[in-house]
Structures are given as structure tokens and as C-alpha cells.
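Two complexes are shown next, each including chain A; its partner changes from chain B in the first to chain C in the second.
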Partner chain A sequence: MGTAASRIYLSLLFWVTGRAVQAAWRTDREVRREFDRLPDLFSFRLSVYPSGPGLTIMKKEGTVRYIRQGEEGPADLHMMIKSLSHGMSLFTFQESTALSASRGRIAIYGDLSYACSIVRVLDRVEIYLLPRVIAKRAVKRYESPPAKHRKRFMIYLRVLFSP
Partner chain B sequence: MKELMQEKSMAFRIGPSLFSGWKALSHIPFELSRRRAQHPCILHRDDEEGAYLTRALRSCLKQEGISAVSLTEAMELPGEHDSIIAAGRGSVQRRAKQLAAPEIPLFSVLSDIQDCREAGRDEGLRHPDAVFIDPASFQPCITKLTADSALTALAVCTEALQQDRIHSLLYSIVRTGLKFLHQGAPWDGSMESRLCTANACAAAALVRSNSPPGAVTSVSEALHASAFCLRSEASAALLPPLVQAMVNRQCSSLEILSREIGNGAAYILDILEGLRKPSGCDARQSDILHFAFNTFQTSKKNHAGQILDLFSTIDEGAQS
Partner chain C sequence: MTSGEFFQFTSPQRTEAGLQALDRLPNLLRSLGLSKPLLITDMGVRKAGLTELISSILQASGGMRFADEFDSVPPDSDTGTIADLARYWHAGTFDCLLALGGGSVIDTAKAGNILISTGKDDLYQFQGYDNIPGPLKPLIVIPTTAGTGSEATSVSVIKDAERHRKLAFCSPWLVPTAAVLDPRMTMTLSKAITAATGMDALAHAVESYIGLAKNPFSDSFALRAVELISKFLPVSLKAPHDREARLQMLTASHLAGIAFSNSMVSLVHTIGHCAGAVCGIPHGVCMGILLPEALRFNLHRSASHIGEMLLPLAGRDISLAVPREEHPERFILALKEFRQHIHELSENTLPLRFCDIRDSMDSPVMTPEHMILIAREAAGDPSRFYNPEDISEAEIHAVLKASYWGYSLDQDLVKKGHQK
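Then we have the complex of A and B:
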């Protein structure tokens, strides 16, 4: 895939994932529990080096918000994917986040324990967003959450229509 | 029960960062930026291997908007560069290590054809900061050359095991090198076996940086320099007696390897046997043994004891 097409694909995927994290925080108890462990005003950014697409999530006054690109400040935790091609491997679900990190394709700036929490959140969100066959490749361990289909429907609705 | 050396004190030179596998070259722009370098100079061999590596490298840098000057090893470096990327084996890596000032990042882009020196310290020179091995940049396979590199790596790793006082850090890298070589079989020129060879050679280079060359490596290089035979042919001829000598004197490192995998000597000889055919090393084995024996039996220079020990084993084998 060409560079421009990769950028468009990743931008779209980051937008969906960012809004899905926000929606999953409202819908899923496990995701909410992970965010409860993080301090207030905690912000997390996932982006592609050097100036590729990215997403920023911020926990502020007890709520979790997806911040649009361009409106974000410096993040407490920054996970940087080292190149577009590595980003494509990760987000076309050829390899999981854990595998990608173990292959040195993601650089992490910030507290590693927070990074582990965020990876668990992203895995959970991917389980909701993706069909089982694809999600199994994308996450470290696939665990089907209770009432998955109802929550998945809610998350998709909130991704599309929530402010 | 024999154990590895107890590490009350030891010395080990940690080598470069190693990025290996598909898309390994895509790490380069980030690794350059991490070291605050933006204007790399690519130094490459003036042959097909250099052309393939450089083409892949340039396309990868271009994707991230980095422009690089590209030179062959014979040319002088331009004034404006803040890092060097050496693409290819042997001489180009040595030249890059000589040219790169200590504060300048030095990267190596390697293929499956190596001298097992590139990724380590080469005769007192610095080691590269990072090594990249990406199958996408390999030239079309020349099985003989790949097998040649694998045999050199096998000789280096086996010789390191010969030392009884090997410590666990070095042992783990030797073991990794042997594992890659074993995984590479059968040596059919598939991308998997070529990648295994490239990784094994990088491991062997680290072993060389931390362990003095033994009899087989020294003799092989001397025979290679005298143009009597290729380094790999000499290694293939001299390794079986070396392994036999190690078994005879119950070499402790070999016994530890045997505890892990069954029979250490057979494991090494298996790898060697798999490599003989693709490297074409069978034909002149007896010639090489005789030449080596005649040339080095009175050697009093480096490793004289080891060399005489090795050749006495060869001699016993020849007489029997």
C-alpha cells in the first residue's frame, strides 16, 4: 500500500479506535476499572513517527475523552510506532500489540505500568470492534466479554453518534 | 556435574542493537532521529549485493523524507554528514568503522553473506551502533556464499565452546548462534534459512568480539589469505577433528551443550554435514588437511598449543 493510502487508513483507524476507547469506558466495566487506576489529568498518545496520524486520550475530572489531532498537548504516556509500515502491520492485524512491542516496533515514553494498562484497554476495545477471527490475531489473549454483542452495538453507536 | 564458569568477575563487551526480520530497515529513520542524526551517508560495496542493499535502504529513508548521500567504499566522505550507514559485508564495514568518528552514529545493513566480523569489534575498531538485517534487501540467493558464511559462523561458535572457562553471557550467544544455524537447515536457499544464516553470523561476530580466535579460525584465515582455499573449505575440513578433540578431552562447555540438547558434538557435526553440499566443501578436504598440517605443525606464533593439539588429532585420525 502506498504512503498516502497508509496514512488515510491509519488516520481513519485511529479516529475509530480513539472514539471506541471513549465509548468502551462508558460501556465496559473492565475498561472503566483500568482507567480508574490511572491518575486524573492523565493523557495518552499513540502515534506514528515522525508526523504520522495519531490518537490522544485524556482522563479529566473522572471522564475519558478522545482528543482530536491538533488539539492535544504533551502526553504523560506516549506510545510511538516507529514507522508507517510498522503501523500497517499492527493495524492490519498481522501482529498483536504485544508482539509488535517485543519486536521493537513501538517506542514507549512514560510509565511502563500505565502502558500495560493502556495495552489491556486497547486489546479489550479491539475485541469489541473486530470480528473474533481478526481480533484473535490482534490481541495477546482473546477473552470474550459478557454480553459482548449488546456492548459491541452500544460502542459502535457511541463511536458514530456520541459527541 | 560440570557447570559454566562462576562469574565472580568477568568482562563482556555488549554489542550493537540488532534489528532483524521483515521490515527491519523501517527502524532506521527512528533510530537515526533518536541519535539526533538527519543527514546519513550511505557507504556501500560496488557490487550486486551493495546495489540491492542500497536500493532497499534508500527507498526506506525516502518514505520518511530523509535524503542520503550514497558512496562506494573507495570514495571520500562528504563534509556534510552526521551519521554513516554501511551496507554490505567485509571491507565496506571495516572502512566505515575506520571513518566513523566515535560521536557519529554508525549503522550496518547486512545480508546473509558475511565474514562474521561486521556486527562486532573488528581488530580493535569500534562496533556499529545498530545492525539491520532485512530479508527484503537480500540479493537473489547464491547458495554457496550463504553456506560459506554459515560455515564461518559455525567455526567461530564451536571454537568459543572449546574454552573451558567460557562464562554464561558468552555461552548464551554461542548457543544462539548454533541454534540459528541448526534452524537454517536444510540449506536450500529459502529466505528462512538465509535469515537464520544472517542472524547466526551476527551472533558469531559478537562471539568474536569477546573471545580470541582459535586454531580453526586462525588456520582458515591464513589458508584463505594464501589463496590455497576458501575460509569455509578450511573450516569444513578442520572442524570435525576439532570437535573430536573436544570430545576426547571432555570439554566442559560441550558437555553443558550436550546436557541441553542431547549430543553437542553430533549437533555441531549435523550442522556441518548439512552445509557441506551447498558450500561445495567436500572435494579438497584431504588436500586441505595435509596442507594445513604441513604448514602449521611447527607454528610457534599465536595459538601454537591449540594448533598442535588440533593437528595431533588430525594426524592420529590420518594414521588410523
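Then we have the complex of A and C:
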């Protein structure tokens, strides 16, 4: 895939994932529990180096919001994917976030204990977004959440229609 | 890791090792263009007379000396000490840091060097992975224990005095400029510390060999470290003044440090960091207790890698006598036998189970409530990224319980992941 196509693909995936994190926080108890560990006004950004597409999530006054590109400020935790090709490996689900980080493809600026929570959230969200056969490749351990199909439906609805 | 997959490896450091390696320290400083070192150490090292030895070596070589000494590093260094060190540096005229001590001293020097070199006063902004913008001031390290390996690593972990948590810094810029390995620095260590730090080095080597970030370079360092520890840790305990054995243990610890600096550590450290923080159990003791059951937890994912360490740990006779498919289980057994041997040689000062660690009132240092807390805290320990299998709070609790009572973890309790 060419550079421009990769950027468009990744932009779309970041948008869907960012919105899905917000939706999963409303839908899934485990995701909510992970965010409960994080302080209020905590913001997290996942992006491609140097100025590639990315997503920003903020926890504010007890709610979790996806922040649109261009509206984000500096993040408390920034996970920066070191190249577009590494971003493609991650978002074509050839490897999990944990594996990508352990292979040095992601720089992490901020508290690493918060990064652990965020990686678990991303894994959980991928289990909802992706078919089992793909999600198994994208996460370290595939565990089917209770009422997965109902919650998946809710998350997709919220990705598409929630404000 | 399989062939063709990307990996990175960093070991940019100069190492001077030998029975009299410290005699070359003045030459090392000169060759690096350095003449005004700030010595960073702790009171224990000073009381053992090690600073005097180095001072006399410097004096004997054309009147060189420490420009000043910062000797107030506590056993579990924190952000306050780092800030003090940075202020101390800026108040004087120095051209390098010289760290003399164990893990706490070395990590203090590394983290202090971040503030010193960047001129900033906020350590938090450099937390994370690859979050240090450029080269730091020259740092020479002389380890006084054979276990931490910190003199070779790109990692520094410091206690956050305000928020009561650990701050982790990981960057290739943190690898010290040079390390000097001289057995005179470890000769006076007690049997308890020799045994515990030796188990720490073994845990570094073993975990770097099974972790997700393993690569062919780190593998070779790890295997050699396992072999050296297997041979020379028992000798260091039987004959504490055997300089060759002490040097080989320093070398093993250094090799294991290079290995885990590049491929990181995993479950043993995930739980061990938290057990240390919650119960105050020495790090090396935690490593020795947790190692077998944490490996058993990962057995379904890393069997071949675990099995490959049987030869360096147990030797050729055992390795050849056991069918290859039994090597992983046999390695865990060999590890337990080795640990038992070290326990006996250390005059029972190396505990084999958490339940054996008692306080002054003869109560267990680790309680069931502690275990719950440790399992919860471990969720935020970054070393879990590198474990081959994902691990839940309940599974961490199961590994802890098995290590507490000294029974074998039931593998059926482990939920198996799917990733290659």
C-alpha cells in the first residue's frame, strides 16, 4: 500500500478505534474499570511519527471522550508509533500492541503504568471491533467478553451515531 | 522471535573487567577526557572502605581525585534524592558522574544524569520508553554487587516520593558510558546478599531469554550468563574470597544486564517489583522465589526457549540424559535444585518460599491481604508487556500462592492465549 493510501487507511482506523474506546467505556465494565484507575483530566494520544494520523482520548469529569483531530492538546501519555509501516503492522492486526511495543516500534512518553491500562483497553476494544479470527492476532490473549455480540452491536452503533 | 522479524539491540558501552580492573580507572577517565568526577555512593559502600580504595587508586595515578562526593543515596532511592543530586552537581564543577554501589546508587546516578544533562528539574516529563531527547553526561559505573546489572542497562527505576509509586525511565541514552568490573568490590558481600543478587542476575538472564522482545543478540548474552551463574554462584558462596569466582559473577551479572536491557524482563519482575514494594522483601529474594512458578505459568508459550536453557544451567550430562521434549520441565526442576543448593550454601539465608520470610515477631511478612494488593498493583507494572502470555489478576494471585507455599502451579488454571 502506498504512503497516501496508508495514511488514509490509518486515519480511518484511528477514528473508528478512538470512537470505539469512547463507546466501550459506556458499554463494557472492564474498560470502565481500567479508566477508573486513571486520574481525572488524563489524556492519552496514539499517533504515528512524525505528524501522522492519530487518536486522542480524554477522561474528564468522570466521562471518557474521543477528541477530534486538531482539537487535541498535549497528552499525559503519548504512545508514538515510530513509522507508518509499523502503524500498518499494528492496524492491519499482524501483531498486538504489546508485541509492537516490546519490539521497540512504539515510543511511550509518560507513566508506563498508565500505558499498561491503555493497552488493555485497546485489546478489549479490538475484541469487540474485529471478528474473532482477526482479533486473535491483534491481542495477546483472546478472551470473549460476556454478552459480546450485544455489546459489539452497541459499540458499533455508538461509533457511528453517538455525538 | 522468528527469522526475518525486526529487532533492535543497543550496547554502546565500554567495559573494563579483571581482577585488578580498577587500576585502569585513571587511564579510563583520561582516555575519555575526564578529570573531575563526582562520586555517587551510599554510606554502606563508604563504611566497607571501597571509596578509600578507589580514592587511593586515583591518587596513585598522578594525583587524580574525586572532585566531590555525594554519599547520601538511600537503599530505595527516590525523586527527592535525584533532585538533591542535581542541585549538588550544579553547585560544583564536574565533568562526569562516577557511580559506586548497587542498584539504588546506579539508578540514582542515571536518573540524576537526566536532570543534570537536560538542565530541567521535572523528572516526570522523562518517564516512559524512548523519552530522553539526547546524550547525557559521561557516567562511569563501578558495581559493588553482582546481580542488578544496572551498570549495563538502559533502564532506571526510581521511587516517586510524593505519589508513592515507581517511575520508570527507559532509553538507550541511559546506558552508562563505561563500567568497571573488579571483584575487590564484591569480595566482602555477605552470603545472604551474594545469594540473593545472584538469583537476581539469573532471573534477568532467564527472563530476557523467554520474553517477547528476545532477539539473537540478547539470547547469546543470556545463555552465557546462565552458564556462568550456574558455575560460579556456588563457588562465590563456598569461597567468598575466590576472586576469580567473584569476577565471573560480575561478568555474568553484566551479561544478563545487557541481555535484559535489550529484551526486557517479564512476569517474575512484574510480581517481584510489587512484592518488594508492598512487603519490603529484597528484590533478589523475590526473584529466587518466583522464578520457577512464573516459568511454569509461561510453559505452554515458551517451552522450547525454557528447554534450551537446560544445557547452560544443568550441564551436558543432564541435558543429554533427558529427552528433548522433557527439557522445559527438567529446566524448572533443575532451577529448583540449583536454588536449593544456593539456599544451603548461603547457610539458609536465601528463602525458598514467601511463607518462610518472617518479621521480628515471627509473623509472615507477606499476608493474604498483601497478595491481593500485589496482584492488583502488578496490573500497572510495565514489565508485563514483555511476558509471553497475558496474565490476569487472578493468575498473578495463583502464581503468588504457589510461590508462597512452594507448590507447583496448576497449569490448568492458566488461560491460554493465541498469538504466535
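Please note the rule applied: the second predicted complex is superposed on the first by the 163 of 163 C-alpha atoms of A that agree within 3 Å, B and C clash if a C-alpha of one lies under 4 Å from a C-alpha of the other, contacts with A are read in each partner's own complex, and residues count from 1 in each chain.
Just so it is clear, a residue touches a chain if its C-beta (ideal position, glycine included) is under 8 Å from a C-beta of that chain, and two chains touch if they have at least 3 such contacts.
Bear in mind that the values here come from a model prediction, so they are computed numbers and not experimental data.
Shared-chain residue A:R37: touches chain C; no touch with chain B. By the touch criterion defined above, A:A4 reaches neither chain B nor chain C.
For chain A, the partner that touches more of its residues is C, with chain B and chain C as the two candidates. Using the contact criterion defined above for the overlaid structures, shared-chain residue A:L84 touches chain B, although it does not reach chain C. Applying the stated contact rule after C-alpha superposition, one finds that A:D111 touches chain C and leaves chain B untouched.
In the superposition on chain A, contact is made by A:R103 with both chain B and chain C. Judged by the touch definition given at the top, the superposed model places A:Y49 against chain B, while chain C stays out of reach.
Shared contact residues on chain A (touching chain B in one structure, chain C in the other): 103-105, 107.
Residues of chain A touching chain B in their complex: 3, 49-50, 80, 82-86, 89, 103-105, 107.
Against chain C, in their complex, chain A makes its touches with residues 37, 95-96, 98-99, 101-117, 119-120, 136-137, 139-143. Put simply, chain B touches chain A in their complex at residues 19, 21, 23, 26-27, 29-30, 33, 63-65. Within the complex formed with chain A, the chain C residues making contact are 5-8, 124, 127-131, 165-168, 170, 211-213, 264, 379-382, 384-386, 389-390, 415-419.
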